[in-house]
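Take a look at the structure set out below.
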Amino acid sequence: ADKTLTISVYSFAQDAYKKALYDPFEEICGCDLVIETGNSVERMAKIEANAAKPVIDMAVISSHDALALAQKGLLAKLDTSKLSSFDKLYDAAKDPVGDNMAVGYTFYASSIVYRKDLISIDSWGDLLTNEKLANNVALPNITGTQGPLTLMMLNKANGQNGDYAKTISDIGAAADKIVTFYSRSSELAQLMNQEEVIAAPVGRFAWSRFKSSPLDFAWANPKEGQAGGMNVMVMTKGNGNEELAYQFMDYWLSTDVQTRVAEAMIDSPANKDVKVSDEVAENLTYGADLINSLNIMPPADIIAQREAWVEQWNTEVIK
Amino acid sequence: MFLDSRQGLALALPAALFALLMFLVPVGILLSEAFQYDGGWSLGAYVEFFSKPLYQKVFFRTLKLGAMVAGTAAIIGYAAAFCIVNLSAKARGQVFGLVVLPLMISPVARTYAWIVILGRTGIVNDTLVGLGIADTPLRLLFTETAVFIGLLQLFLPLMIISLVSSMENIPRDVIPAARVLGANWLQVFTRVILPLTKEGLVIGGTLVFTGSLTAYITPAILGGSKVLMLETLLYQRVNVSNDFVAASVIAMILIVMSFSTNLLLKRIATARS
Amino acid sequence: MSENFVQLTDLTLSYGKTVAVPELNLSIAEGELVALLGPSGCGKTTTMRAIAGLLPPTSGRILIDGRDVTRMAANKRGIGLVFQSYALFPHLNAFENVAFGLRLQKMSNDEVQTRTMAGIEKVGLSGFEKRKPAEMSGGQQQRLSLARSLVMEPKVLLLDEPLSNLDARLRLEMRTELQRVQRETGVTMVFVTHDQAEALAMADRIVLMNAGKIEQVGTPEDLYARPETAFAADFIGFENIFHVKDGALVSDAGSLPMTTASDAAILAWRPGGVQVGQGPHQGAVLASSFAGEHREYVIDSALGQIKADAPVGAAAVAIGDTIAFDLPLHTARALDA
Amino acid sequence: MSENFVQLTDLTLSYGKTVAVPELNLSIAEGELVALLGPSGCGKTTTMRAIAGLLPPTSGRILIDGRDVTRMAANKRGIGLVFQSYALFPHLNAFENVAFGLRLQKMSNDEVQTRTMAGIEKVGLSGFEKRKPAEMSGGQQQRLSLARSLVMEPKVLLLDEPLSNLDARLRLEMRTELQRVQRETGVTMVFVTHDQAEALAMADRIVLMNAGKIEQVGTPEDLYARPETAFAADFIGFENIFHVKDGALVSDAGSLPMTTASDAAILAWRPGGVQVGQGPHQGAVLASSFAGEHREYVIDSALGQIKADAPVGAAAVAIGDTIAFDLPLHTARALDA
Amino acid sequence: MRHFANWGILGLTLLFLIGPFVIIIFAGASAGESLTFPPDGLSLKWYAKVFTVESFRASFALSLFLAIFGTLTALLIGVPAAYALSRYKIPGSETIRTIVAAPIIVPGIIVGLALLRYLVVPLNFGITLALFLAHTALVLPYAVRVVSSSLNNLKADMEEAAVLLGCSRMQAFTKIVLPNIRGGVLAAFILGFVTSFNQVPVSLFLSGPGVRTLPIDMLSYMEITYDPSVAALSALLAFMSLAIVFVAERLLGLSRYV
């Protein structure tokens, strides 16, 4: 094929995506997909480095990273009329970062995974205060996607009403008893499997790794509720391949593809029309009720405060 | 020695030009960004860097770990190299093969092996608790100890290689001569072996120290964000904060550290004789 | 004064599986100067290293001054060794090389200074104190190595080809110096050489070795005049060696009738013992060379090559010309088969 | 046959700023065998390297067979050089070392085979063809290096201490072989040695060098009997050299009256020219050594140390005893100041 | 007694150096789902899985290409440089030495970033080309240093002898110098090969859609899961490197030179 579309995606479950999304799309468009994978920060850094002459046509990243890129003028404003499935999306997914710079394609919940045979978790606050968790708990690093979510929930649990500085100080005070601040969920899974850590906040998309372990893991339902996040699609500015990119985005958002991806238990759908079995739903962040109950931090809040958080984190937590 | 220097220059130039154009120039441009501060040329970025307590701490930790790894590698390296040199030619080849074996293994995998070994239920803790040396499993992962062990294993082969090759250049009968003149083994080491292998020590020391400073995978995985080193901090500055200036500052610091350590070691080595 | 100051009993020395020296027996008296003589590879260095404690014997014993030192460490034996390869410390200058052993003893800095300087002077290297070995010529290095051992004033001093790299004059000087040291300090010396002239000149007694075994032991005069085996005779300069058979001299090349009968099995002549210019035999001159006091000829005879010395006064014979010669019985050494 | 086959004109040779050989002039005839003699460090190797083309001269010219080769590349000159350090190729066995140069020429494999084997045989290394240099003794390596140059049949063959590592017998054999080769092929040979006996024995002409300069050139007999300077005399064996002043012999140590008057400025005696056992002078014996045909004494006299040879038949004098001696004028060599 | 102490020290050192390798081999042979030692039962399924991951195949090919051709290129320019530095008096030879050795002391991330920003983006160099240049530069210091040290042990008079026997300078180099330093060249090749093959920091930035070195691919695989297949892959790669060294040793007698 003489047409190619270069996309940048998260690296997990590429085999499943290939079956559910890439292969059928290549069939339809008669083009080649070139796929770059990696975690969102690295991919963002490269999009920025290549801004003058974009290599990537279309990328999927976290909503606040999308906002950051948008603010640097690296993204193209989306013409939603070119996305036939746009109306089927949950409202929250339609314009998550404002100005139509991105559309959401999946939601995820975020809560605490813990060893049900050793401990019970009722509240996010337990992470810092439960005696049994001293030297047995890991938290996500503030620089990752999960970090701000945990910060938000700890803030809520301690009734600090958005005074994140105070929450970071609390984490700093407890830092000696925290095994590590992880940056990859796979790393956390390894640590929990070798019993280095018995509880830690984690995104729902990683749950399957814990569920299959011989150890007794459970997904907490803390009284503050679960945190939530969304991953979005964006298009780089001036990539010259817009038509194909729209075609691909639309295909990915279609009920067909979203259902296939959901049934493979990879991504939870952002398309309202997707219907799945209870058993599948159990593993996903599925359904309007659940999605509406999630504590979601506006991307703008994260972007605005992150530098300050990292700064404070570096002085008080990492020390 | 052939004296036609033009021919010599022609032979050396391709390598020098390659390193210069394809390597030093781009790196130099990047590093020069660290001298851009508030729109002009200044050392402001460096002042700012060293004014942050975390950065100071990371700086000194990196220095300390680098020195400790190099020092320990030198001690173990001498013992091992001396044993290797004393082996028969055949056994020497085989042992040498085993020593360089770790170099063949991806550092990624090597480091993950340490996660398994140093874990709460890993072999080290099992042994310590089993022997009654420790009551409860020690927390080794994500500590400086873990990073130290990982780096040591990573770079020890380089030290052994340098020391073995410089020990082989010790003239044949010099050690027996010292023995016959009344030196015990410690004196043989300090007065004969050490001065005669200092070149190997300088090369090995520089390789290990520089390697420890600029290693990325090991501190990233075994230390995580709790044991930041300059290289992992550099990565964080680039990737998380897009802060190229701080990254350049850190890179420049690393280069200066490596370079001055090399000079210092050379100086010490030549001053002694 | 002990007759058995250094005593080697059934000493077997090997490198891995190859036996270099099998079952050696040798006694050396206190204050004696013994030369180990023998061709390259016969085990001279090997024997020295064993005495010094650098090569553990496979079997047998080494006694020094009555004490069994077979298992004693090299640095405890109080033995000096001048290495064939000098074994100087390349990182130390001449002064520090000589001072090395002294500094290891509890000795004041002043004394180290005095004794080192004296040692350096003895070998004629004053003024070279600051030079590194690499900046000295072969002969200077050899002398430095000598000085390094001498200053230690060992009970036994082993010297492995200590003069091989010196030119004739320097060699004579160093010989004199070694003999003086030995006389003055009464040290027992064993020195190795492959040069018979040196062994003859210096030694009280010569031990001639061949392929790891002792071939003959005796005074220089003994060995020079009365070698007991064909090997010894050949090595010591009786370069013309022939079997006697039915009143004729026989070699691989042919035979020559004898003028006087002899009942010896083997007869050997030095080049100086061969008479040239007149005699019953004839041969072509293969080579001729001037040697100061005499002229050396190689003569192609019925017995093969014969080496003969002619007084320098005699008219020189050109190469290729025929010359008359004799092998007189009175200059021959008779040997058993 | 050219009288000036190899001609060095005002040749100055330097290492960086240090001049090793200043303005050397020397002519060597075709087919001549010349020895470069001189103490260590006098510039012998340096001169050889310049002739071979390995060291570009600072100034001056080198002519070979009438052609100026001063700027000619070393591999074009057709000169052979046997290195003092052998310079064998460690990765090649003995056969391949010798065959190396032949293989570079357009020559059939058979011929390479034949000539190489012949060369190896000449130096007595048959059977060692498959050995690597590291598996051979020093003397064997030296002979291999010789063979490698000989098979090339160069016009000029330079040999830098080609026999230094051989023992007396082997050395004689190799000397004979070198003389034979030279006679048969008529090659011009220049060889370096620090051993006067070797120079005397082999050379047609000896060039005696001292500190980069030529001290004397002459036939062996010339040099041996008639050295012209004190340095030459000393080097060639007139080891007892004294100034003549007011009818007495004078040295740094003292003076001794002469029995016969002489108008020479300097007189020199070989040890063999000194008469011992009887004579007007007395001295204590400092050292005494057996040398086969004679006994060498070092006598402590009013002139300092005197070296003297006594016939071996005479009764030996013990060290420390007094001995009578004379310095007869008829055995002395007179020299200018 | 000495012998015993000798092997004692060596044994402990080797245990420390090789222990992790043994763990990797066995962890990769686990029948369980996660990286553990001792493994939960033995099976070869993870070793088998390695061959089914498509991206590993592509990135292995890229890494192998870089390691082989990057190292060869480094040797191609590095050996003459080492030769010139040890045999000629060159003006500024210290500067040349420093320039050539510099890539060792520059942090890899900076190298990757610099090449990306100043070669790839403005000059339109492809990522593969940039990777190739970076790996060549990284191997260059090893090539020059290792080859230099074996050249220094090689006496210059052998080349002179060869020239006098009729060689040109070039022939003297190929017939005499090269055969005698082949151990050094081989050691440089192996050192360069493993350095390049296992290089991570430089390649962190120098990767693009479809272009990724194997270690980076392994790292990103581990973003998703720590299953034992990465251990299995590492063990396989180490065995591959060992096989290369073993063959080299057999063919060229490496141990005589190291």
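All chains are identified by letter, namely A, B, C, D and E, in their written order; residue positions are counted from 1 within each chain.
Everything below uses one rule, namely that contacts are C-beta pairs under 8 Å (C-beta built on N, C-alpha and C of every residue); 3 or more make two chains touch, one makes a residue touch a chain.
Not measured: the values here are computed from a predicted model.
J.: Give me the two chains with the most inter-chain contact pairs.
T.: Counting C-beta pairs in contact per chain pair, the top pair is B-E.
J.: Which chain lies the greatest distance away from subunit C when centres are computed from Cα atoms alone?
T.: A
J.: Going by the average position of its CA atoms, which chain sits the greatest distance from subunit D?
T.: Farthest from subunit D by mean C-alpha position: A.
J.: Using mean CA coordinates as chain centres, what's the subunit C-subunit E distance in Å?
T.: 54
J.: When the C-alpha atoms of subunit B and subunit D are each averaged to a single point, how far apart are the two points in Å?
T.: One centre to the other, that is 55 Å.
J.: Could you please state the distance in Å, as a whole number, between where the Cα atoms of subunit A are centred and where those of subunit C are centred?
T.: About 89 Å, centre to centre.
J.: With centres defined as the mean C-alpha position, give me the subunit A-subunit E separation in Å.
T.: The computed centroid separation for subunit A versus subunit E comes out at 37 Å.
J.: Quick one: which residues in subunit B touch 2 or more of the other chains?
T.: Those would be 3, 115-116, 122, 238.
J.: Which residue numbers or ranges of subunit A touch two or more of the other chains?
T.: 42, 45, 187, 190, 194
J.: Which two-chain combinations qualify as touching?
T.: All chain pairs meeting the touch criterion are A-B, A-E, B-C, B-E, C-D, D-E.
J.: Can you list the residues on subunit E that touch subunit A in the complex?
T.: Per the stated touch rule, the residues are 32-36, 55, 113, 116-117, 121, 204-205, 207-210, 220-226.
J.: What part of subunit E is in contact with subunit B in the complex they form?
T.: Per the stated touch rule, the residues are 2, 6-7, 9-10, 13-14, 16-21, 23-24, 27, 35-37, 77-78, 80-81, 83-85, 87-91, 93, 96, 99-100, 102-111, 113-115, 117-119, 133-134, 136-137, 140, 144-145, 149, 153, 156, 169, 190-191, 194, 197-198, 200-201, 204, 214-215, 218-219, 222, 226, 230-231, 233-235, 237-238, 241-242, 245, 249, 254-256, 258.
J.: How about subunit E: which of its residues touch subunit D in the complex?
T.: Its residues touching subunit D are 155, 157-158, 160-168, 171, 175-176, 179-180.
J.: Can you list the residues on subunit B that touch subunit E in the complex?
T.: 1-5, 7-12, 14-16, 18-20, 22-27, 29-31, 76, 79-80, 83-84, 86-87, 89-90, 92-110, 112-117, 122-123, 152-153, 156-157, 160-161, 164-165, 169, 203, 207, 210, 213-214, 216-217, 231, 234-235, 238, 244, 247-248, 250-251, 254-255, 258-259, 262
J.: Would you tell me which residues of subunit A are touching subunit B in their complex?
T.: The touching residues are 41-42, 45, 48, 135, 141, 143, 175, 179-183, 187, 190-191, 194-196, 307, 310, 314-315, 318-319.
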